[in-house]
Structures are given as structure tokens and as C-alpha cells.
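Each of the next two complexes has subunit A plus one more chain, namely subunit B in the first and subunit C in the second.
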Partner chain A sequence: MTPIDRAISHLHSLDASARLDSPLGRLDARAKVLVTLGFLVTVASFGRHQLLQPLPLVILLSAGWALSEIPVRSLGFRLAIASPVAVLIGMWNPLFEPEPMLRLGSMVVSAGWVSFLSILERFLLGMAAVLLLIGSTGVDAVAAALGRLGVPRVLVTQLLLLYRYVFVLAAEVERMLRAHSLRAPNRPRPELRTVRSMLGELLLRSLARAERVHAAMLCRGFAGELRAVTPLRLGLGDALFVLAGLGFLALVRLADLPRAIGNLLR
Partner chain B sequence: MHMSDALLSPAVGGAGWLASAAFVAHSTRRLAGAADPGAPALMGLLGAFVFAGQMINFTIPGTGSSGHLGGGLLLAALLGPHAAFLVMTSVLTVQALLFGDGGLLALGCNVVNLGVFTCFLAYPLLFRPLVGVHATARRLTVAALLAAVVGLQLGAIAVVLETTVSGISRLPFATFLAFMAPIHLAIGAVEGLVTAAVLLYVTSTRPELLHRKHAEGRPLLPVLVVFALATGLLGGLLSWFASTRPDGLEWAVGRVSGSEELPVPSNGLSGALARWQEKTALLPDYSFGSAPEAEVESLPDGPAWPAPDAGTSLSGLLGGVVVLVLALGTGLVLRWGRSRGIGARVR
Partner chain C sequence: MRGVRFTFPDGSEALRGVDFTIHHGESVGLVGANGAGKSSILLHLAGVYLASEGEVRVGDWPVSRSTLVEVRRRVGLVFQDPDDQLFMPTVFQDVAFGPANQHLPPPEIEQRVGEALAHVGAEHLGQRPSHRLSGGERRAVALATVLALHPDILLLDEPSAGLDPMTRRRLIRWLGSFEHTRIVASHDLDLVLDSCERTLVLAAGRIIADGPTWSLLTDAALLERAGLELPLRLQGSPVTPHR
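Then we have the complex of A and B:
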């Protein structure tokens, strides 16, 4: 499987799970976008040595996962590929913060290691939350929700069209690269000169397709806005979800739940 | 390079969102005035093109490494800065949503780093004037090279600034910059060469494409300066308040004034913010062991650091493990119960 195949099948699996009926999937996309944004801000608001306090947020993720139809494999696959940027930049922290921070028996953990682990924790929590949002909602509904939350119509249309044609053009790239590997089996990657005509050809095909797509859109009565098939409807359940979600986030942020539980158990 | 959620404080992330929202609003207004009927389809397809084009990794001549197209400058040359900026925003949004490149909180910063500098600075101030009215191959190549290098350098500096101001990574500003700048010089050169090559290829087959009429406008310099200042101020100020442990600034204040914190006025905005912060930061100024049982023993090399106390560490860890097991267990049980109940139906 080539990396492009993998990327496309990842997109397909998220799309497929978003189309399945699930309690989380039935909620209004706006409610889920709001709670996800709240989640991300909460994660980021912890200090860089607060390693344990954000852990209860996993409860929210776990419940969300349980109430969706996202296969655990596609979730785990993305999470396993840790963000190279976060790791590359975070791994220097142990060097710059050698001060002792935690003591576990005779082992002393330095502040730098705690903050490095905290960076990884932030990455995992944030990534899982966004995957849950997309895997239970789908890109189309999230884009529609963004439009209703005030994002300009041009940008929403742009997001929807981009997402619709990414699959088509990615498949074209895949065919081009396969053709290249058949003609130049000794070269794993094309050279700059080859890439010039590859990208140029892809660009020309995209432009030609844009003209046809535009004509087709006009034929179907396009007047500046793509309409969602499932209309958004905010109900009592959505309001409760937002209240409960944001309330839980506030609780985790304001109270040190792991320590409280640990103290109870000791 | 994408800025990551994991390295960002909410204040810097919020400032990035504000700045990028302003540019989105500006570009949207400009496009509404231009009224190019074919624009939505063209922008959508070109966005998909950039996304797909980035999947082609090629060998960089002379070195063993590989690179790929960034796309911002190419889009600006084909669509004009405003449409190109919106297309870049959509590409970054889809990357953040589906692949976790950067993340949603960092999206604003990434839009500024990879979209604003290329579309609103490098393109109108370098690329357009250098290409001129009659674009020759050499002019196009030089213009693309310079514009791409400058755009990416600005983006790299912005990443360093955002990371340092957020304070989660401890890499010092100068070290980080010395690491980022040369890498992005190389990336910029490659980006410029690829952009020029593709543009030359396209103009040899469809020369009219480079001369499409698009919503041009003044280079936006005054707006940019105001936003740079606002972003810096907001990011710096807010993250100072949001910080939960004595950082370099507070430490420096402590050395100067003898007390670790500046006297904060109890009324007004700063007073309110400080009160709010005291309430929200359960571990004020980050003593890991602020529970009553924690005996803060001062270490020989200075009391500024919280002493590691085995007792508090243990109860925190124990609680953390319990919470994790509970969380994952609840999910598994819930999912199992659901799968035994009503099976998955297609909506």
C-alpha cells in the first residue's frame, strides 16, 4: 500500500464511520464543534507540568468513542503516528529543564521530562478529539456547521469543493506515480524535471476539470452556496450535550480529579 | 512547517485565530466585489490540486533528501492573493481536521504562517514587481525563488515566536531560530524552483492563465503592521496572565523587585484577569505539591522549584491511573452494550 493509498483509505474510513447511525452522530454538528473547541482550549490551558490533571479528559473521549461508530483501528492508527513537530521540538525540554520535579520511590523525574510527556499528552488528546468530531460527523456536516457559526460562505463552499475533489485528484496522482515507478523502477522518487511535467499536467487537468465542474454546477442551479443534504437542527439533546460537555471540561480544569481520587484511595 | 496544538498556549492560539479571521474576512469581501462566476469551482479544484500535489515527493537535486510542493505562491500567481489565501486556509483546515497536521487550535497560527506571509507579503511585494508585465523564464524563476524564500522565512520566524511565547517548549528563541532558519531557507529554495518550473510549464501550454484578471488590491501593508502588533501584544500579554508557574519574566521580576510578582492592581481589567486566573489555576504558580500534606523542602540550589514530594506524586499518579482505567473501561463497556443492542444502521 502506498502512502497515498493509506491517506485515501484513512479519509474513506472516517467518512464511512460518519455515515453510520450512532448517538454521537445524531447530535447537531454545531454542538459537537463547540464542545471540541472547548476541549482543545481546555487541554492547551493546562500548565506544562500538569501531566496528570488533564487525564480525566480521556473519559470524555472514551465515552464519545463508545457512542460513535469509529473503528478503533483507524483511531489508533492515526494516534500512533505522533506529530513529528511536537516530538521534534518537545524532545529538547529534558535538556533545558533538568530540575527535579517528581519523585517515584528512588527515581526522580526532571521537569523537562514531565513537560515533554505533557506535550505528547496534549498531542494525543487533541488529535483524538478532532478525529472523534470528524469520524462521527463527517466533513460536509462540519463545514455546514462552521457556516452556521459565522464562517464566510465562500470559505465553506471552498472547503466542501476541496474535499469533494481531493479523492479524484489524489487518485490521479496515484496513477501518475505508478506510471513513473513502472517506467523508472530504479528511482523511488521522481526528479525535479519529471515533477515539473507531472505537476504541470495535474494542474492543467485540474483546471480543465474545474471548467466542467463549474458548467455542471450551473446546470444544477448553483447560486453561490452548496446545500447540505441533512439540515442542521438544534434540539434539547444538543443543548444538554453542550452543557454537559462544557461542564465536565470546567470540572476537569478547576478540580484536580486524579489527586482527589488518589487521596481517597490512600 | 505546521505549528502544533501541543506547543501552543490558548492565548497565542486565540491570537492566531483572530488574526487569520481578519484576513479571511478581508479576502471574502474582496472576492465578493470581484464576482468571477467560475471562481468557486476553480478555487475548489486548485485546493484539491495543492493537496494532491503535496503527495508527490521528489528527489532534490544534489542532495539525497526529498521535498514537495507547498503551493501558496503557485496559488497566488494563478488566482490572485485573496482567492489564494482562502484556498490555503481551506487546505490547512482539511489537513488539521483529517490528518491532525497542526491541529484545530493551531489552525489560526498556521493560516498566518503559511497563508498570510506568502499571499499578502511575498506575492504582492516581491513576486509581482519582479515578474513585471512581460514575464520571461528567468524573471519568473528569480521572482518565485525570492518570494518563496522570504515567505517561508517569515513563516519560520513566526513559528519560533509562537512557540517561544507559548512557553510550553523550553527551546530558547535564538537556538530554535538558528535551527529553523537554515532548514526553511532550503525548503524555500526548493519551493521557489518547483513553483517556477510548474508556472513555466503551464504558461508554455496556456499562457493566458498567468494573466487572468483577479481581485488585486493594495499590498495591505498597513493592515499587516497593525495585525502583527496586535498579535504580538495580545499573545504576549495574555500568555503572561495565563501562565500558571513563575516563568522567565516573573523570575526576572523577582530578581529585580524582590517579590516574585508585580503588585497587580486589584481593580480594572488586569485585576479581574488576575483574580480569574487565581481561581482557574488550582495550582497557583505551579507548586506541584500545594496540597496541605505536601511538605515543601527547599532544595540546596534554590527554592524557586517545587520540591518533588513522593507522597503527592504518588497520590496524583494513583489517581491518574484509576481515572484512565475507568475512562477506557467505560468506553469499552458502553460500546459493547451498544453493539449488543441495536446494530449499526446506515443513516
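Then we have the complex of A and C:
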């Protein structure tokens, strides 16, 4: 297996885990989308020097994770894949904000480091929430829920096609690398010259393939809209889930839980 | 098809004047060497390609940009490469894609998916992701995606390539029992012999023979001109078994 093949497998297994019959999986996709959106807004609303206040959100995530019955290992792995992005975004903050902010024992932590950690923290929290949503719901059901919640059809369809297209593109890369390695077994990776022509080829191939896939879709009556087959149904459990989830989020946002707990213990 | 010519944007001529008429309920084989234009003909009948010259009609409809929806409601095309056909996350969703686009109620969609998968012997694959199937399984599922549409005209491009003998046999039997029009492009001349009454022989973008399958596929000289050979069954076994 090449790294690309493995990455595709991971994406698939995330989508496939949505078919686990878990308490979270059985909830209506719309309820989960709502709570996840609330979660993301809450996470984003914290200031960049508030390191401790968002931490109670981990409780909510863990509860969701336990209810989803998705193996913890697969979450950790995917978060690790994604975190370099956050590191890249936050990496310059320590240089821009050198003024001291925190004192841990004899160590002085500058404001820049605090905001760096805060970016990383919020990114990981948000990412984990989205992974949990997709892992317990499936991309298609999430898209269907977005459509029912009033997101324009065109956007939802775009989202779904984009998601499909990732697989199409990855499969092309995979094939080319395999073909290359079979005919050049002594070279672990293609030379730069070969890579350049492969990239051009990749573009043309994936365009041609996208065209054929599109033709196949049109042949089966595609009229610009992907339709979900599974019906959505809202029940009492979904309502309770939304209330409890959003309630907890409001509590974390409005009351400074870590400080309150600290005061209680004092 | 009347005088159909088709040239790709890069200048290669795929069809150089193709004429034929197929009536309702006929089963027609389309044979010819690689690059003879078999796939191109099927893609024209489904309106994926539009003829550069000449006319293509499906039923009462001339195939043109404005009639595509009507044409495709009648025609089901199974692509040569099953990967082009499958694009949903699971086999079930892929087969349900067409019926869902016909706005059928969910129970009926489910019933059609079940039937279509059963026809190709792939009931057990329903919840698998399409990208993770073997080559032959993909082909079977690709066929099911089109069967679920209940087309009046079925176009199959190399349906038996990569199928195991049992599945291929089932395909042949099933093709024989399909009561609507079917057009099968294939190098599997034995399959054509078994499932098609009529055959079109194609060479370099032209039809060089059109007639009853049996008489054409036993004509060694004709087949040689088309870059083909007698069906295996008619070749006589060159290997004599040891006793």
C-alpha cells in the first residue's frame, strides 16, 4: 500500500464507521449538525489568550465519542494528520507577541506562545468535533441534513461532488504510482523530470475521468442534485440531544468553568 | 443511425459514416477490433457524444442537446470501464442513484436496488464501498446500476470482460431473457453468438457487415478482415486431451 492508498482507506473507514449502529449514529443527522455547528461557533468565540476556558469542551467531545463507539485510535491518528496545518498557522505568533503573559514556576510564557497553543487547542477541538460528526453520520447524511437545514442545494451538491472527486483524483495518482513502480522497480520514487510529466498527465487524466463520470451520472438521470435515499426523522431523543448539547456549550461559553471549579476547591 | 460521422477534437476519426436501424426487442452484437468504434457508437446512442454529421434517433427522438433527458430515460448504458460508472460511497447508494433521480418513493428504490443486485448475483455487496471491489465485482455492480433504471434499450460495452465463468454464464442467460432492445459491444464472440440474433461487424469506423449472428460469425474471411477470429467454440480444440 502506498501512503495515498492508506489515506484513501482512512477517509473511507471514517465514512464507513458511520454505519456502526451506535447511540450517536442513530440520532438524526440534523441534530448532530446543529450541535456541531454550535460547538464550532463556541470554540471560535474564545479569545486567543483564553487557554483554559475551552477545556471543558473536551468533556462534551468525550461523551460524544463514547456514544459513537468509534475506536479512539482512529480519532488520534486523524487529528495527528491534520495538526501540522494548525502548527503552520500559529507558528509565527511567538515571534509577534514576545511580551510575558504567564508564569509557570520559574518559566515565563510569552503571549505569543499562549496564542499559539490556543490556536492549536481550538483547531484540534474543532477538528475532533467535525471528525466525530462525519464518523457518526457519514458525509452523505451530513450533506442531506445541511440541505434540510436550509443550505442551498447547489452548495450541498458541490460539497458532495468535491468529496467524490477527491477519491477520483487519489485513485488516479495511486494508479500512476503503481504503474511507475512496476516499470521502475529500482527507483523508490520517480525522478523530478518524471514527476513533472506525471503531474501534467494527472491533470489531463483526472479531467477526462471526471468528464466520463459526469457522463455516467447524466446517463442515469442526474439533474444537478444528489438525493439522499435514507429519510431523516426527528424524535424526542434528537431534541434532548440538541438541548443538552447546546446547553452545555452555552454553559462553557458564559460561565468560566475552570475558574469556578478552582474557586470551589479553594 | 444515418450517415453518422464523428471526429474527436484532437482530429482522430472514430466513426466514418455509420448506418443501421435496430427495431424494438432486437438483440444486436457489435464486434470489431480495438479502436474500431464500438464504444463510440454506444456513446452516441446514449447522447454522450453528439454526431459531427448525420443523424442518430432513439425511438421517436432524434438525439440532440434538447432531447437528452427523453433519450436517457429510455437508454441505459453500461460503460466499458466500471470505474467510470461507480461514484457513490457504497454499492447500494450507487445502484440507488438512478432510481433516486427518477424521484421514485424510497420503498420502491430499495426494491429496485435489491432486484438489480440479485440479477447480477451481487446482493451480498450492498454495503461495501464501490472503490474497494474486485474488477469483476465492479463490473457486475456497474451493470446493476443500469438495470435499476429499467431501461427500454440496454447498451453494454464489454459486459463479460473480467467476469468469472459462472457470472459470465449467468449474464448470457440473463441477456437472453431480457425482453427489450439490447446492444452488446464485445470481443467475447461466444457471448455474442449465444445472446444476440443479429450482429454488426465494425472496422475502422465503418460497418462492414450486418446480418444474422450465426452466418457472420462463422465467416472466417469476414472476421479476418475485421481483425477478429472465429469464436473459440467454432475453432475446434487444437489441444487433444491425453487419455
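One rule holds in what follows: the second predicted complex is superposed on the first by the 193 of 266 C-alpha atoms of A that agree within 3 Å, B and C clash if a C-alpha of one lies under 4 Å from a C-alpha of the other, contacts with A are read in each partner's own complex, and residues count from 1 in each chain.
Definition applied: contacts are C-beta pairs under 8 Å (C-beta built on N, C-alpha and C of every residue); 3 or more make two chains touch, one makes a residue touch a chain.
If you're wondering where the values come from, they're calculated on a predicted model, not measured in any experiment.
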Task: Broader residue contact with subunit A after superposition on the shared chain, subunit B or subunit C - done: B
TODO: Report for A:L37: first if it touches subunit B alone, second if subunit C alone, otherwise both or neither.
DONE: first
- [ ] Could you look at A:A223 and tell me whether it touches subunit B, subunit C, both or neither (first, second, both, neither)?
- [x] second
Task: Touched partner set for A:M198, first subunit B, second subunit C, both or neither - done: first
Open item on the list: Looking at A:L162 after the superposition, I want to know if it touches subunit B, subunit C, both of them or none. Which is it: first, second, both, neither?
Closed with: first
Open item on the list: A:V130 in the overlay: touching subunit B, subunit C, both, or neither? Say first, second, both or neither.
Closed with: first
- [ ] Could you tell me if A:R183 is touching subunit B, subunit C, both of them or neither one (first, second, both, neither)?
- [x] neither
Open item on the list: In the overlaid three-chain picture, which partner chain does A:S118 touch, first (subunit B) or second (subunit C), both, or neither?
Closed with: first
- [ ] Examine A:D140 and indicate which partner it touches, taking first as subunit B and second as subunit C; both and neither are also allowed.
- [x] second
- [ ] Examine A:A255 and indicate which partner it touches, taking first as subunit B and second as subunit C; both and neither are also allowed.
- [x] first
Task: Footprint overlap on subunit A, comparing subunit B with subunit C - done: 19, 139, 164, 168, 209, 213, 217, 222, 230
- [ ] Under the touch definition given earlier, write down the residues of subunit A that touch subunit C in their complex.
- [x] 8, 12, 15-16, 19, 138-140, 164, 167-168, 171, 209, 212-213, 215-223, 226-227, 229-231
Task: List of subunit C residues in touch with subunit A within their complex - done: 43, 46, 48, 68-69, 72-73, 75-77, 79, 81, 83-85, 87-89, 92-93, 96-98, 100-102, 106, 109-110, 127, 129, 131-132, 145-146, 149
TODO: Enumerate the contact residues on subunit B facing subunit A in the complex.
DONE: 1-10, 13, 24-25, 28, 31-32, 37-38, 40-49, 51-53, 55-61, 66, 69, 86-87, 89-91, 93-94, 96-100, 102-105, 163, 167-172, 176, 193-194, 197-198, 200-202, 205-206, 209, 242-245, 279-283, 286, 288, 291, 299, 305-310, 312-320, 322-324, 326-328, 330-335, 338, 344-347
